[in-house]
Every structure is written in structure tokens, then in C-alpha cells.
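In the two assemblies presented below, chain A is common to both, partnered first by chain B and then by chain C.
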Partner chain A sequence: MPTRIVSHFKTNIYDYLEALPKTTLEKLYEEPATCLAIFRLLPSIARQLVMSLLFDKEGISKNDLIKWIKNDKESLDKFDEAFDKLTKLQMIEQNEKLTLNESFRYSFQDCLTGCGSRQSFGIPLEKHKSKPLDISLLDQYAIEKWENILHFMVGTEKSNVPSASVLEVVTKANLMRDIGGGKYEITNKGFQFLLQDVNTQVWAILIQYLDIAGVMLNMNVVEVLNFFFMLGSLELGQDYSVEGLTPTQRQLLDDLENYGLAYRRKKGSTRYYPTRLATTLTSGNAATVSSNVNIDNTDAGEDSATEQGFIIIETNYKLYAYTKSQLQISVLNLFSELQFRFSNMVTATITRDSVRNALKKGITAQQIISYLTAHSHPQMKKRPSLLPSTVKDQIQLWEMERNRLVVQECYLYKDFKTWSDYEMILKHATKLGVVVWSNESKKMFGVTEAGHEHVRAFIKKKMAQRKSNGTGGNDNFMGNGVNRSTPIGYGDSSNSGTPAR
Partner chain B sequence: MSSIKDSVTVNEDDANLLVLIIDTNQMNWTKVANKQAMGNCLTLQQILRQLLAFINAHLALKHDNEVAVIASHIGVSKFLYPIPTTRQKTRRSHGDSDQSSNSNMYQRFRVIDDQVTSNMKALFENEALKSCPDKVSSMMAGALSLALCYINRITKSDEIGHIKSRILIISVSPDSPYQYISIMNCIFSAQKLGIPIDVCKISESDNSVFLQQASHITGGRYLRLSIDQSRGFLHFLMKTFLPDRFVRRHLCLPGDEKVDFGAACFCHKKTINIGYVCSVCLSIYCQQLEECSTCRSKVTNGVKRSKTNESL
Partner chain C sequence: MVKAVKGVILKCDPTVKQVIYKLNEKERDKFQLIIEDLDENHLFIDSSKVDYIKTEVEKLLEENTYKSELLLPLNDK
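Showing the complex of A and B:
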């Protein structure tokens, strides 16, 4: 499958940052807000390492640092992982001693102590005296804009075609395909995208936007990223001034309005308001999950508990979803069979066929499970294990079912004249690590394509040796030689050797 | 995703609540300041500045990390953050007016820092507290109880058991034997709730016997900083007390291993190493008694003399 599955926004943004050149990262680290956001993406040991090095000018040697870690395998592994990430992000500099990257160290110190003059946490303005902005209005705006994109992807009737820049990003991200005539079709990756939580979705889009921004819109990637991270550090419901934003960032603000990340009363206004989608960018998913539900539910008095989750699953694979949202129902339809629809809920069953349909679209069992977990009803959360384990296991089993057979191209060696010849060559091939399958009673074995050359050369060498030694007239190892293009199907490790099905 | 209610297991993505108890006894801080050579004066003000950076560091670790700050003052203990909502609101609106001046700091950091400093100021300006008879000891027991109650409330309101708490005490004052029993009670409650108590004692020579036991029993860290060392106070804090309960499983943290199990007697509140223990209720006395004053049991041959070191 060509598409990479990203299950969490952290991996998403992290991979992007890791690929950036050193100079770009250096520039990014000049902004305290960016430092804070990137810092929070790190694994917890790495965060502690950064903190312990933060106020240390001289630095310490790696050996001394390791002494801080407990001497067991798990801890050391975690340390290595953390250290690796820090090095890749250019946060740690390793000369004779370990130190933090200088600009990161200064900015992050500023961030914690409140010194400096970068104004990287946005310029707040006093609340609009006459008509202060309501947070619920902001939420509604954000949800409307964002879900409009999702609706468009699913192709529900009520969707309007999003703006051109949104369309471009969506097609670039391979979530949708242009099928001509101004029509678009959702791709496999798009289906996976729908199952992810909002935060991951937003980041996936933003990163795609970054790619386009750098190449086509001639924007400075550093400025764009800084703006994203700053948005993540702002307060919801606070007015912010566009003063202090670079021209690039102002242009960016226009685009972000299209995604529902920022709100302005009218175009060109000097005030902007970050929405919940923006303020939770760097903090995780908890807050935004709720916004995804019940788009049609504009009643202000809606119980907050029902907004957090709406799916109940029973051990008999029956699923009850308390939602009116066309979008959520379409998503559910991806992996379950809908049965009844009422005014405030739908019932569905999860069956082997419905899950297999989803798997065929490239959705993984893990994605289905995490979707169900993230959207489960508060009532479900009271149980010791969130999802019924039968359902969870079965979905995974259905996925494994599809992976029982692995096809690998290989060369088959057969018809050895003697047992010792077979054994000798097999032994050599095993040493090279190229044996795919072997059978003693049939005196056959298969090697990978890459290993074929080596094994053949080995046999030729042995034959030449034997000839020069003149031992016996039989100078052939095999009657029939090598049989190419025999793909061997073999099962996974559990039943190696016997082709399944 | 783990949302199983369980007080023992600690997960990587748990939120952490840090309750910081600061000893704000100015008498003892002055003492500490006087002991130092001129030029590197360690005052409460400086410590506070470094503590605020530490609080920010704690909040920076995770977006859902929480903090509470309690002052253990002379004769009284008070919340510095968070303060009850009614007052918080007035302060908020008050703070709004000068908000535009600072966009160099993360909003959340600033709100907390401002509140802690202004409440600390208010605490010192409060005349009524100055007339307290006992000028040497801080209300450590009171502050600990406040902390435990607060943690209990937060934990109860968090249905999915996502919040893991710990307590950090910054102490300069010597032990007050009068508070022995209440402190011990707090320690055992903390142990029962599974809350580690970390202690950072700033003192030239003496260890705090009670607080040492507190961290030992609850599985926290105890660290004594001599006054010279406390110049790098923030660095010590970062290395020893910043790691949350999950990360601690993978780190070797500094701290004293040897613990003095000394106790204070129930009759005269003296700190003793050898004393008399009631065989019924295990109350400790420094002298022989006819009748245990705690449980009223008659002790015919006097309470047997034994080492409290072993009895505890």
C-alpha cells in the first residue's frame, strides 16, 4: 500500500520536522512558542533530558547522562529512543559534551521565565466592548467550516464545494482524486483519514498545506510553522491583533479561515480569534473530539456528556450510535451494516463482511478500534475495558484473516542427486540468510531473488572444484538444475512451510 | 487508550497534578540569608522566582498538567493558587487591563505566575498574621492537610482516573514537635492514597526528621540542599523533582537514602530517640506514666521502655 498510515498527530508533525534541514530548524527554535510546542511532542524521557540540560551551559558527557537512567533494558531503550529523537531534531549537540542547541536553549529559557521580546505568544487585545465574541459561536463556526470539508469528502448531499485552496490541498494530500468535470472522488487514504481524530486530520491537512506553501505560494516555511505553533498556544475566546504578524502570516490567516482554524468578523479586520481547532493544535485530541459530534445539534443546552461520545457497542456486535450527523453516519457505514435510523440514533451491526469491506478500502483494524474507542459513549467508559473484548479481538482476527497468505518470488532448487549435496548447499544458503523455504524429504529449497546469484556461484565453484579433483564421473549436482519463476506461497510464521488455502 | 480506573498504574499520557507547598516563614528565610556570604544572598524572593520557572517547566511538560501552590506560613497555611472562584474572577478582570503589555509569555504561565506572586504579597502584607505567638515553626501539618484534601477533591472529580498527583514541599523551618502527630497522620493518609511526597529541605546541617519520614513512607524523594548548593536551586529542582511518576520508574534520582526514624513524644512534644511506648495504642512518651493519656489504658508496671526506632 503506497499510503502511509498515521495514527496520531504527533507522529505526523514529528516526521515532518525531522525531515527539515538544520538551518530551518535553527530558525524555528528562535521562537519560544515553537520551542514549547515541539518540546511537547517529545517522548517523556526526552522532555526530562531537555529540562535537565536547559540551565546547563557547559553540558555533560553522554556517559554521565546515562547514569541518570536506571540500569535496566526498558529504561535504556527508552533513553536511546529519546536521545535519537533529540539528535534528529537537532536539539542536542554532541561535541565533547552534550549541550542543547543554543537558540533552542535561549528561547526555551525565555519561554519558561517570560523574558525576551519575541512576542511569540500572540498579541492579545482587550475584549470588544460593544459585542464580545461568544465561544460557542466560535465553536460553531469552526465545526461548520471543518465538517464542510469532511462532508464534501464523504459526498453527502448537503455539502458545498469548499474553496479552491482547500480543494487543492485535499487532492495534493491524496485524500481525493480529480475525476474530471469538476468532480472529485474519495481515495483509500481519504477513508482512513475520516476515521482519525480531528487533531490528526487538521495536522495532516496543515502539513500538506505547508508543502504547497513552500513551493507554490512562495511562503517561508519557518514563518508558516511558527504561526501554526503560535496558534496552538493561544487562548480560546481571546481577541488577538494581527499586528506583529508578517505579511506571509497575514496571508496565511486568510487561508486558515477557510479551514475554520481562525475567525475574523470581516476580511481585513485587525482582530482575529483562534478557534478550538487551532488552540488545541499542539495539545492533543481531548478537546477537539467533542466538536466532531452532532453537527446538526445546535441547541445550546445540549448535554456536554453526549457530545463526548455517542457509540455503544454490545458483545453481540450490535452498535448503537446516538447521532444525527450525516457525516458520522457515513463514517460508521464504512465498517458496519446500518440497520435502523431513528431521529436521534442509528443502530448497526458489525459483521465480517462489513469489516472486510473496510479493510479492502485500506482501513486497518487498529483504526476502526481507535475510532470506536475515541467516540464511545460515556456509559461505556464506566466499564473496566472500554470495548467488549470479543468485538475488539474479532475485528483484529478478521484483519489477520486477510494476511494469512504472503506471496514472495523465489528460485526453487530441486532434484539433488545426493543428500550431502543438498545439505551442503542448503547450509551455505542458510548462512547467507537467503533461504525462504526448504523441505528435507523432497530435497528442495527456495532462495530469494537476491540470493540466487550467490548460491548459483557457489554451486558452480563446487562443481569446478570437483572436476579438477576428478572425483568420479558425476559432475552434476542436480538433474534438472534450477527452476526459476516458481513463486512459493507460504504461510506466516505460525504454519511455515504449508501453503495456506 | 487507557481509561481504566486504577490508582496504582501510571501511564505515560496521564496528566500530573503537582501540589507545591512553600515554607514562607520569613524568620527562617532571613536566617538562611544571613548565613551566606555577601553577594550570593538567597532570599525567599529569589527562591520564588526560581520556583515559578519550575512551575512553568512542570506545566510545559504536558498541556494538561495542573499545579496548586500552598503557602505554609507562620501559624496559617493558605492557597496561593488556585484561589476560590469568586476572588479569581475579580482578579482576572483586574488582570485583563494590563494583559496587552505581555505577549512574550505563554498565557497559562502568566496567569499562574501573577496569581502566585500577588497572593504571596497579600499574605505578607496581612497584619493579622504577624501577631502569631509561635514565630519559628510553619504550619506544615495544615498545609499538608490542605494539599491532601485538594488532591482528593480533584481525583474524585476526575472520573476516568487520568490525573496522578504528587506533593512537593520546599522547607526551611526546623521540625515543630507540636505538629508531630498531625504530620504523621497526613503522611499515612498520603500513603494510603498513594501520593508521593517529595521534600526539598534548604538547611546547612539539620535534616527534617518528620519530612524525611514523609518521603520515605510515601515513596517520594528527599533532598537536602546546603545553602551553598542552593545557588543552583532551579537546576536541582529540575533534576530531582520535575520527573513525573511515570518517568521516575526509569530514572535514578538523587536524594538521601538514610532515614532518621526519630519521633516526638506525645506528652512534651520533645524529639526523642528512646522512649516509652503504650502497649495498647502505641503512643510514645518520654517518661514513665501510670495511665496512657491517649487511650486511658492502665499500665500497672509502667509503660515498657523501648527504642522508638524499632517500634515505628
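Showing the complex of A and C:
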């Protein structure tokens, strides 16, 4: 389960890019920084392919391309996957021969050879002009801003309400929901969001921002994406000039400050600094981890326990969390009863009420268990089963307890004259796949609301047939055996055209 | 003659079924809650009473849940 939760951020941005229309992608590829960023997101085989095709104007046939791949199933599968990705991103054009997308090829060539306009990678300002900004200050700023959003989500008491644009994004993304009176509540999706690493979170928010930017803020999606990707290629601690940014991108910069992705000494300043959150956007995992540590602990790097896991649970539902992070404590508070707080740990109990509170918010038992598993203390990992099974089972039982009643709207068919009537109509309804419940001895069955019309029509048709056959009216509905064979035969043939389910 | 009745099929465990029966008894003068007793785990009921049943069942089960006394003072804080 944890693997699903920590799904990689790359998949998010892939999905987004793949869904873009071809013209938008073409425009994106005009920007060298964007090409580099997208290239970095590709799987390694795809990167190989791009590099091989980069300086090849003539193109190459797909069969020749496959010859470069090791001839076993695993490698070929990987090739297919990579090829599929490249095609979906419109990076490969398939005519008689395969070539790279023209604008991508030119921009990426420029990017690697260092030709073309420098602006694509931001305009760094001269170093000695002003005294350089301390990187730790930048980190602190980013952490503060980002944690503020997360704090707000988990509902820490002292947290400030983030700016309106941030609020807009979190509610649109369904991470929080407006419960009226200017109050917001975390949703099931929001909890899932909290479980992910920072990089994934940043991307999730940015993608949501993109959606809003296109529709509501009238921003050009291409410019926004270009800016995101450019940020990913900037250098931490360097200051960059806002010159060369389009008006849209300047507006964007204001918003990104709210998320702690960019920093300016004062509003309207012509220089900006990308923070660690921004510069690790498109890079590998190593950077992610180091930023993760800094973010999770307010005291950067001092204790790395948070990263390794810090929660110990006993079979008596007592929970000890070795953390100082206000954020982690707030997350715990979502589903446990906090008891004591010490300088480096908190104790809590998992109770029926606390779990039910979480469940009411839409957080699932599985999510709680995944969270506990993912953050359990190394000491816990020595045990054969990670979490005490009593606790794990009980949390699930508490969830089941809330669903003791399963309700389904339906129509109940009853008072069948004969068993054969019952059987025939039930058989028809089963074929349609609309039966919710049936009982032979009572000669009753229930069908879904959607199925009711069909079943009723079927019965009416049978009754009309009966009448025309002259074997009596409703009283004698399906009463005698002679008659039975005809309707069933008829029923079968009429059913053959109906989709079964 | 075949009849089709609109309503709600309620799937529950036998315990909850008994609770609903108790409710039915209590409100017998006012309205009919249970239209048909289907089997051990299923009841056929009036669809307009679903919310009522849900809250009542919740309340009753809540009353019958053991709560650790040890934790109570702490919860109050």
C-alpha cells in the first residue's frame, strides 16, 4: 500500500503533458529550458532514444531503432513503453522514418550546445553587485511558506490562513472543503496529499494551479509551464532578473512567492531567488530527500529521525512519536488523542472516538494504517509484523462499524402466483444484471431502480401474450405448464439482443 | 398478481436488525418502518425513513459501546 501512496510526482506531470494538445506541446518545445526539463523526466531508454535521434535529420526506421535494444522481452517491453511515451508527448514524429519533433530538436540542440538565447534559463545577475543571499535563509523562507499551507490543511491552531490564491487552489484540488463561515476542513484526498513527499506535493499543487491559470486567470498555459520548467533549471542561491519574463510570468512569480517557491527581498523587486522547492522540481530524487529532511523538521538536519520514521505503537493502542515537528504532531492529531508533549516526543492514544473523527472526515482506515506503517520507528521494523495486529485490525473494525447499514434503493417484486412465474422473471432480471436480492422460499426479489422499467415491461409483455393466447387473464398468469414453454422460448430470443450487464 | 413495491433494501447484521425491530415497535403507532422482513441480513423498508433509522441505530450502538474510563479525564481537557 505505501508504494501506491508515494506514487512518483513524475507520473502526475506526465499525465498532464500527455493530455495537452499537439499545438501546445509544439509551443512548449520552442523553449530550450522546457525541453531539458521534459527530457529529464523521461525514463532512461527514452532519453537514449532522444539522444541518438537528436542530430539525425534524416530519421531512422522503427525496425532499425529496435535493433539497438537487447533482444529479450524485458528490454523490448521497456522500449515499447519509452516509445509510447515519446509518441504521446509528440516528441517523435512517425512518417516513413522516425524523426524528432522539429522544434524540440532545434531547442534541445541549442540547450546542449549552449547556443541560442540565454534567457530560457533565466538571467542571472552579477554576483558582486549585491551581497549574496544565505542559502539557509532561503530554505527557511521556503519551509515557512510551504509548512504554513500544510499546517493550515491539518488545522493547526496557530496557523495563519494562506493567501486567497492558495486557498483557491487547495479547494479546487479537493484537498480541503469549505464548511462555511470561512472555515475549511481537510478531505480524504487532502490526507493522502499529506502522506506524499514534498516534491510530489509541489507538483500536485502546481498542476492544479495550471488548471486554474488557464481557465480563471486567463494565463497562457505554455508560458506558465515554461516558467515552472525554467525554475527547475535555476541555481539555488543565485539571484535572477525579472527582465525577460512575460507579464503572465511576472504575475505567476507573485503567486509562487505565496507557495515559497520563489523569494524576493521586497515586493516589486526586480530580482528573484528560486528556493530549493523550485530548483528540485525536475531533478532527481537525491535533492528531494535532502529538502524533505529540511522541510519535515523545523530544525534543519538536526535530527533525521522524521525521515526514517518516528512512531512506536504498542498493542495497548498507545502511540509514541519521536518528533518535534508541529506538522507531524498535527497530522497525528487527526486520528489520535494527544496526551503529553515532551521536548522530543509526544504520546497519544488511538481511541475509538479519535479514529471515528478521522473517518468522519473521509480519511479511510487504510490511509491511517499506511501512514503509521510508512512512519514507523526503525525499532518497530525489527518486529515480524510492523504494526501490532490488534491495533491494525481494530482500526479496520472501527471503520466497518460505521458501515453496518448498507442501503440500496430498489423495487421489491412479490406475490407471484406460481413458482415458475417467479423463476422465469427472476431469470430475466438476472440476465439484465439488476437483481439486488432474491429469496426462493418467499418468492420475492428486488431489482435496482434502473432495472425496474425493463422488468416491468417484460412482465407486461408476458401478460399480453398470455391474454392473446386465450389461456386466461391475470388470475391465471403463467398458471399452466403448456403455456410456459412459449414465453420462456420467447424470452430467451428477446434477451439475446440485450446487453447482459 | 405480481406486485412491485418501491423502497429500500437494507443490508445489515442480525444485531442491527433487532435494533431496527425495536425501533419499529416503538414507532408502530406513528408509521410503519419495516415493509417486509426479507431474511436474516435484509430488511425492506420505507425509503423516507432511512435517515431516521441511521441516526437512531448510531445512537443506540453508541450507548452500548464501552469507553475506557482511564481516558475520560484526559479527553475533557
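Methods note: the second predicted complex is superposed on the first by the 283 of 501 C-alpha atoms of A that agree within 3 Å, B and C clash if a C-alpha of one lies under 4 Å from a C-alpha of the other, contacts with A are read in each partner's own complex, and residues count from 1 in each chain.
Methods note: a contact is a pair of C-beta atoms (placed from the backbone, for glycine too) under 8 Å apart; a residue touches a chain by one contact, two chains touch by 3 or more.
Computed from a prediction, not measured in an experiment: that's the story for all the values here.
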item	value
When both partners are placed on the shared chain, which of chain B and chain C touches more of chain A	B
Touched partner set for A:115, first chain B, second chain C, both or neither	first
First, second, both or neither for A:263, with chain B first and chain C second	neither
Which superposed partner A:272 touches (first chain B, second chain C, both, neither)	neither
Chain B versus chain C as contact partner of A:44, first or second or both or neither	first
First (chain B), second (chain C), both or neither touched by A:339	second
Partner chain in contact with A:124 - chain B first, chain C second, else both or neither	first
Which of chain B and chain C A:452 touches, first, second, both or neither	second
Which of chain B and chain C A:74 touches, first, second, both or neither	first
Touching residues on chain A, where the partner in the complex is chain B	32-33, 36, 39-40, 43-45, 47-48, 51-52, 54-56, 67-70, 74-75, 78-79, 110-127, 233-235, 238, 244, 282-284, 286, 370, 373-374, 381-382, 384-386
Touching residues (chain side chain B, partner chain A) in the complex	1, 3-4, 12, 53, 56-57, 60-64, 96-97, 99-100, 102-107, 109-110, 113, 159-160, 234-235, 238-239, 242-244, 246-247, 249-252
Of chain C, residues touching chain A in the complex	1-13, 16, 35-36, 38-39, 42, 44, 47, 50, 53-54, 57, 61, 65, 67-68, 71, 74-75
Chain C partner contacts - residues on chain A that touch it in the complex	337, 339, 349, 351-353, 401, 404-417, 421, 425, 436-437, 439, 442, 444, 446, 452, 455-456, 459, 474-475, 477
